[in-house]
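Take a look at the structure set out below.
Should a chain be cited, it is by its letter among A, B and C, assigned in written order, with residues numbered from 1 in that chain.
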Amino acid sequence: MNNAIELNGVGWKAGKGFELRDLTLRVPTGSIYGFLGPNGSGKTTTIRLFMGMMRPDRGDIRLLGKQVPRELPRILARVGFVPERPHVYPALTVGEALRYHASFYPSWDRSWSGDLMERLDLDPVRKISRMSKGETGKLLLLLALSQRPDLLVLDEPTDGLDPVVRRDVLTAVLDYVSETSATVFISSHLIHELERFCDWVGVLDGGQLVAELPMQSFKNGIKRIRVSNAPHVPGDTPFVILRRSGIDALGAMETWTVRGWQDPMRQYFEGVGATLRDVIDLDLEEGFVELLRSARPNNHRS
Amino acid sequence: MYQPMLFIHWKQASWPLLPISVAAFGLPLLSVQGMGGNVGEEGLFAAAYSPLAVIGLPLYPILAFLTGAALALTSWNWDHQQNHVYALSLPLARWEYAMLKMGAGAVLALIPVTALWLGAHVASASVTLPVGLSAYPNELGVRFLLAVALSYALFFAMAAGTMRTNLWIVSAAISALVIGVPILASFGFADAALQFLWRPGGPFEVFTGNWALIDV
Amino acid sequence: MSSILQSGVRGLVFVTSLCVVAPTTASAEQSTPDITDEQFIRRIEALVPEYESARAAREARIQALREAERGSVPLDTVQFGPLRVVTLQGNVDRTRALFEDTWNESFSGLEVSPSLARHLFTFQWRARVQRLAFAADPNQQVVAIQLSRARVPTADRAKAEIRDALSRSVLADFPSGSPMSAWLTARGYPRSVDMYRLVALANVGATRQCLSGDAGACGAALGIGFGDPGAEISAWFEPHQRLEMVQRAVASRDHLETDDALVRSCIDLNDIAACDSLLARLDWVSWVPVSDRLRAHALWLAVSVGGSGAWGRALERADAPIVDVLEHVSGLSIQEFLTVWREELIRNRPDARAGFGGRGSRVLAWSLIFMAFAMRSTRWRLA
């Protein structure tokens, strides 16, 4: 088993509105996979599909090597899930919620759960309805981690949390991963948050996966280059042109946004009679924005 | 899994269940009020009167109906509020989850049923029955249990379904009543139409008939 | 001008007159305050003949419509013993069977009833028309028996309606003022099962002891005698019940005089001993607070027990005391008859238990069906 999560050609449509089109996604086992996308791009829908909460219209889904939804109960016993919105029963206390949740997971680690509860500073007698957003977020993570999952699925786990809580949550995740080499699938629209610890990144926009690549490539591979005497038709390039823009009045200087850039690729420009003037690094957010822009239908490409 | 499920259901259902149980205990006692501890000594002087205990209060089947409904609706209440995400994320087949819930509710249903059974025994013991009258506390308890079970099962099925399914059911029921019954009545089958649900063998048979604690 | 239009015009004239008269009267009262009540009444009385004439014309029209309707709904007459029953042609066989069964079960001694001969019955198994239109002898009383269209008709229900109609029709055989006519204040043909329940639930010691086997108590419950009232009446009736019995007797104006010292003592001073003494005087009529239907039930049981000729014997003793009538009709002594009556009640004790018996399995089956629906719920996906 190489992939903890596999989606092949998955499609799903909600009436005449939103549609997930031909989604093919692979989350390597043991990786920390960041699932990026703007609000409304379909991240939560994707998660619900591979968690078996929704039925796809077409396509194939495998989770931890097993078919979804056929073997779903067995799969979910090994999956820790933190949803976008709290799903626990508000009238319970923390302790009651833990006992309830624990009853469904044979792999529940009671002592470790207790330690983690202390670390996350949660009071077992506190009622969930009276907890702050941050405390609830920590509780959800505690529930997910205490069952010692092989796959941890986090849907915008830090959304709306203050920086301190956010740090606690992410630290707890990282600690768990370092101990167990579990696979983590974390969705967010906050790119800089994922930047620090994700190995892989998938970018979703408008129901389509526009990019899926190692984080390093994502961080380093998107550049803005300034080219003079650029060819009208670039031909076969060793990199992916995301956007061409900024043709000046004389038509001499262009700005290209490219993906997958590596330094030896300078030679290409010599081959086409163009001159590479400048290579500008983009931060992750700028790169993310350029990726999204390039994926959208009104992208300006030559 | 079952114990925590039972605990969760208790947490949700305790607030309607306690007053229902008090009512279930009190109803048989209320029904023998006016009997003055000795049937025949008090009451109206005129044509024969029927003590409440004998004619059978319609409150018994109403209470049974409400008990089942309250248990079923509270069983699914939190799930509906949280959009069933929690249940769907648990490593449990859907039918298993529903069975656990159903079993939890069935156990909780024993509380008001037992309360009524105890109340019926206390009420029967508190009156001296004359020749010709008998008390049936056990039978009343069993009937109540069956009625609660039916009501619970019906509402559980509805509460477990989608809002769309329930709207279909309610629309069909209303259409049958508003359109179907008058049509059948024009052919002289109103009796049969309206009694279909209540007649022997019908789904709501248990709610009709003799609910008397004390009878001839 | 057609008769309807004439009637309508007359009616309109009448109403208009009223409308004119009333404000005229009011304004007359205002403008001429000296009009007397007598004059006002005379004016109204002057209009009454117009009203009567319009009403007679309307009745005639309705009768004519019925005649026309008669031509469109084919009828037939069923003759069975003294009974004549008009029914729809398609219902003849069923009508005959129902009346025959009912008659043989309960009324076989009634062929001599003079009242019955004055009644004509109509019967509809499922009411097709409001009334069956036919030319009836004005000296005969028409009794309509019809089962509602809205309900599924059954033979049992039809026979209950027939029994009720027949029993009401013959009670006029007892002359007004006779003990039986005073005793039978209820009409109809009560069911034994209902009477058992009535007796079992009655708030009267007499009925309790009647069920326990005391035939004398049964007589007291029926109001046909107290036996030895001094000893038993206090066991059968509560003091406040005995007081009320005296009050009813006094209110009847026939049996107890209000200026009687004992009456004053009983009613005004609540002297129960005085009440008991008064009740001892009431040897055949009773103000027992038990349902009148019980008496009707006793009479019809006597007729049933008496068999052939029973009603004729009742007519022979129409003016006799009730005990005599019941004995003569049933052919039994009053003690024997009361015992038979009690046994009839006991025999019809309803199977009235709160329990559900074997039907519990059906309820469980329905519960399982609903539970199965819950297992199949489609709620198990989001969206």
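In the analysis below, contacts are C-beta pairs under 8 Å (C-beta built on N, C-alpha and C of every residue); 3 or more make two chains touch, one makes a residue touch a chain.
Keep in mind that this is a model prediction, so the values were computed, not measured.
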Among all chain pairs, the one with the most C-beta contacts: B-C
Central chain (by mean CA position): B
Chain A-chain C separation of Cα centroids, rounded to whole Å: 86
Cα-centroid distance, chain A relative to chain B, in whole angstrom: 51
Approximate Å spacing (C-alpha centroids) for the pair chain B, chain C: 38
Junction residues of chain A - those touching two or more other chains: 53
Set of chain B residues in contact with two or more other chains: 83, 85, 88
Contacts with 2+ other chains: residues of chain C: 381-382
In the complex, chain C residues that touch chain B: 126, 149-153, 196-205, 207-208, 211-212, 238, 240-241, 244, 289-292, 349-350, 352-356, 359-360, 362-364, 366-371, 373-375, 377-382
Chain B residues within the chain A interface of the complex: 1, 3-5, 7-8, 11-12, 78, 82-83, 85-86, 88-93, 96
In the complex with chain B, residue positions of chain A that touch it: 51-53, 72-77, 79, 81, 83, 85-92, 96, 99-100, 103-105
Residue ranges of chain B in contact with chain C within the complex: 40-51, 54, 56, 83-85, 88, 94-95, 98-99, 102, 130-133, 136, 138-140, 142-143, 146-147, 149-150, 152-154, 156-157, 160-162, 165, 185, 188-192, 200-201, 203, 205-206, 210-213, 215-216
